[in-house]
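Two complexes are shown next, each including chain A; its partner changes from chain B in the first to chain C in the second.
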Partner chain A sequence: MVQFYLDAERLPAFVAHLMAQKTVIAPHAKGQKSFTFETVAEPDQVVLDYPRVMQSIRKFFLPPKEELLTFDLTENSYETTEVEPIDAIFLGVHSYDVAAVGRLDYNFSVGSPEKNYLTRRQGAVFVGVSFVPDSYHFSGSVNIRPEDPTGCDIFLTKLFEGYVLEVHTPTGEELIKGFDMPAHDAGRPATGHFQQHIYVPQTRLSEIMEQSYDNDVWAETAEQCVGCGTCNLVCPTCYCFNVDEAVDVTVTKGHRERHWDGCMLRKFSEVAGGEVFRESLAGRQRHRIFRKFKYISDTTGQPWCVGCGRCTAACPAHISIVGIVNRLISDHAQAVVAPI
Partner chain B sequence: MAEKPRVAIFDFTGCEGCELNQLNFEDQLLDILAHVDIVEWREAMDDRAAEYDIAFVEGSLSTPDCITRINDIRRRTKVLVALGACAVQGGINGMKNTQAIEEVREEVYGEDKYLFPTLPALALHEVVKVDYNVRGCPMTQIEFLKLFTSLVMGKQPIEPDHAVCVDCKLKENECVYERGMICLGPVTRAGCDAQCPSVGQYCTGCRGLVTNPNLSGMEEILVEHGLSVDEAWKRLELYNANDLEGAR
Partner chain C sequence: MNLNEFLPTIEPENLYAPVMAEITEIKRLTSMEVFYRIELPDGAELGHQPGQFVEVSIFGVGEAPFSISSSPTHKGSFELGVRKAGMLTDVMTRLQPGTKLGIRGPFGTGVDVEKFKGKDVLIVAGGIGLVPMRSMINYVLDRREDFGRLIICYGSRSEQDLLFTDEIAKWEADPKVEFHVTVDQGGEGWKGNVGVITTLVPGLDLDLTNTACCVCGPPIMYRFVLMALKSKGLSDESIYMSLERRMKCGVGKCGHCQINSSYVCQDGPVYHYPDLKNLQEAL
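Entry: the complex of A and B
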């Protein structure tokens, strides 16, 4: 694998070099304190030093709202809305968000493959960038290091000034052709320590969850939780959606739309007749955590949480996913020790 | 459809903003009128009718006369739709109910108060059966159009029951708490497409509370962001005093 040195001052030139080849989608500042992935218009607006974006790049492959088909009531006909591959370079993606796309690829491929997501996923190129963990990141606990290049065509590791640029795929090689950089042969550093840790690896979590169905933490968390659904909606591996239809005011034409949904929301578990089969916030919280560390993980062997810390950072009630999981671990440890 | 549904529009205690919002459907008004016959609407026309298929009712009920009228409307209509915060949950008028009613009456009417009998401001559903709600202050236009097309097609309208936070996250709005504001979005019913937070404002809760809201959790959030317990509840009561009666 080849390594180059990319000076920070040459970053806009590098972005421009990529833009000459394909659409580039990268982090930009938004609002007062936030960041978001947008199509790059001005190379110098790209921000590679950011803690996390509000919504991961999931939003490009599984849009918050998307039209599935349009229909005509007078002709009794419908037309499926066609979806195009996203032929773009995703620049400045953190390792956990690349990993999250891998998780979604699995979810939308197994069973009945989901055409819209998989079509959009074709053609995406990833240029990752390392991050410095803040007080919410804990991806190290789910085996995703800040400088992990898995899934990336090119990976940038931040140095004090500039980046170590590594090329990982032939696609990556093509991308840097014609952009001269000095070779780098000093390896690359780890980019920081995590402040948050889950105490045990996933291999043990499943069993601990198994024993934690009736743990008090669910009811205790439910006292703080207002059920707003924010944790679901900012999670890069959440993919639940709802589908509904609307007609326009002429009452002749309409469309079917799908939009993100979340298991923390009351209506999510409402069925015909008005019955809600997961009425308590405690039950919904347990379901959310089990979806991340048990249910899918029992099949795949991997945690379905990538440690980005978004759910905790965005929670208006400051409910910590690491706090909940560690509480289950310590309660389980005590229960095991207790008989002695 | 053999005959167009006959629609009537009524107002009680409120600012008439919801009705005005119906007249504001400038691009859609002709399409709307193609599907229904409006047979009674004091704000826009002179005609009166004896019976209706759909009655849209704005405002809360705050005098004995209101009670008589709403019962009369309920008898004459097949479907009754509450329009806007005052009609759906009592709205701003409900703040009256948190104070002694005689004091309120005296403050407003002074020495003539005996000429004006008054009641606590009630949401329509507290007196008659309400079939559907269009929430908001003023009523949310997109929701009105969805309900309208559903009724014309004879479909069951879907009422949203998730927090405004959901709509903000779908639009990737920066959370207004990040901007140092205090927002009721986490317990307020969405359906407005997070109109206010999308333009940098905070949510005041005009669309009412979600089903089974965690009010002590919400109080904790508001207090953490600098409100006293009393201020927190006053903020929640701005549009929802009736639903919060006894909850404090």
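Entry: the complex of A and C
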């Protein structure tokens, strides 16, 4: 592993070096306390010390709204909308968000591979950066450390006023060519401790969920939940979508578009005629949590929650995903002990 | 290793591009249901199994899943039976023959006809559940020698709501079909059974060791039909059920049709009942 030291003062120069090669998409400050991934225009606007961005980089590969085809109503004909690869350097991505892209890759590759997503994904280069866990992060509980470089071409680990820069792939080697940095051979530090933990190894979560189908926590959580779907909206591994028609003002042309949808919304499971197959908020909460810790995990062996903490941080009712999971663990432990 | 190395190397097809297919026949079945015969371009066959579905779309209106009502033994076109229940179906009822619709599919897992071969076939259809079951019924009738008895139980709200009445008349007249029908509310002139569909089951004379059953109807029906079939002595292994959910994309991506971990558009809509026992949200 080749290591260099990138002084924070030289970060804009490094960003400019990357921009000379490809489009760079990186975190920017937004408002007073928020951060968002945007295409870099000014190298000195890039922020690498941030707790989490509002939306993960999912938004580039699976846009909130996207045109699937355009139609002509007078001709009753259509053309599919072709998409282009994003083909950019994603700079300053946290390990859990890189992991989340891997989860989405699975969902859009398995069974029938999906053209739009997989085309957009082409050419993406990942330059990860370590983070300091705040009171919402718990990715350590799903085996994603703050300084985990998995999936990245280059990884930056914060050390003093700068970063230990590690090159992990030939693509990464190409990227830094011609950018002068001192070599670093003192290893890299762990960048912080998690304040939130799930209290069993992730490999046991599916089994605990299995026993928790009728747990009281679903109904209790539903008492607080307002069913707004914000948890779905901010989740980096949520990928469910709906498709709608949009007709322009001339009523001769229009397009079919898909947009993000969420299983916490009542209408999500509604069919024509009005039947709603997941009517109770308790059932919808359970479905959300089982989607993250059981259903897909039973096939892949990995939790589909990456521990970013966004759903908890954004919930208007302060529902904590870690709180729910730990409650299930504690009830499960008591249930196991009880018969003795 | 870069994440991209795990991506598939094949060039994926566009899953959401419909084929434009022509409606060649429209027939009103009841005040709420309409029959459509549809032909794919260049005489292409749909190539479906009984119990599968297609996504039908009209530009500017929307796209929704519909069960295929014709048997795959019937070549050259396929048929749908559509209830007016939303925006798309409302527009569909006002179309004329010659109009082209967007079709994607067939999708899902239909009836595994191999599992029914050599057996007595029991069909339990409630209301619009007859639409998909008609595909299986006509399949059995066209391959009569491959199957044992054909027993059909059909329940409808009233006499006016009965679907495919001309075909029902044929089934009633066919000595090789045991057709039983009941209506929830019998009106004047109705001389047949009155009562919900489960009232037909106790009177059936079944060979319990050699019967395979397929059930389709409104959501409320399944639990009660299941109880009736089980108290009749049918084993769980002999029961198949076709379930309705919101199969929006048809290709296991959009998430709407999930029953617990199962995508109805992939694993269903026709499930073997033993597989449904682990899916608490199913029935």
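In this section, the second predicted complex is superposed on the first by the 340 of 340 C-alpha atoms of A that agree within 3 Å, B and C clash if a C-alpha of one lies under 4 Å from a C-alpha of the other, contacts with A are read in each partner's own complex, and residues count from 1 in each chain.
The rule is simple: a contact is a pair of C-beta atoms (placed from the backbone, for glycine too) under 8 Å apart; a residue touches a chain by one contact, two chains touch by 3 or more.
Owing to the predicted nature of the structure, the values given are computational and were not obtained by experimental measurement.
J.: Looking at the overlay, what does A:A16 touch: chain B (first), chain C (second), both, or neither?
T.: In the superposed model, A:A16 contacts neither chain B nor chain C.
J.: Between chain B and chain C, whom does A:V247 touch in the aligned arrangement: first, second, both, or neither?
T.: both
J.: Name the contact category of A:V200: first (chain B only), second (chain C only), both, or neither.
T.: Once the two structures are laid over each other on A, A:V200 reaches no partner at all.
J.: Determine, for the superposed model, which of the two partners chain B and chain C contacts more residues of chain A.
T.: C
J.: Check the residue A:V101 against both partner chains and state whether it touches chain B (first), chain C (second), both, or neither.
T.: So A:V101 only meets chain C here.
J.: A:W260 contacts which: chain B (first), chain C (second), both, neither?
T.: After superposing on A, A:W260 lies in contact with chain B but is clear of chain C.
J.: Both chain B and chain C contact which residues of chain A?
T.: 244, 247, 251
J.: Using the touch definition up top, name the residues of chain C that touch chain A in the complex.
T.: The contact residues of chain C facing chain A are 1-4, 6-8, 10, 12-18, 20, 57, 59-64, 83, 85-86, 88-89, 99-100, 102, 219, 244-246, 248-249, 251-256, 258-261, 266, 280-281.
J.: Considering the complex alone, what residue numbers of chain B touch chain A?
T.: 28, 31-32, 34-35, 145-146, 148-149, 152-153, 158, 160-163, 165-166, 169-172, 174-175, 177-179, 185-187, 210-214, 216-218, 220-221
J.: For chain A, which residues are in contact with chain C within the complex?
T.: Answer in residue numbers: 68-69, 71-73, 76-78, 80, 98, 101-102, 105, 107-116, 118-119, 121-126, 151-153, 168-169, 171, 213, 239-245, 247, 251, 254, 256, 258, 261, 263, 268-273, 275, 277-278, 283, 287, 290, 294-296, 298.
J.: Please name which positions on chain A make contact with chain B in the complex.
T.: The touching residues are 30-34, 36, 54-55, 59, 64-65, 222-230, 233-234, 244, 246-251, 259-260, 262, 265-267, 279, 281, 314, 316-317.
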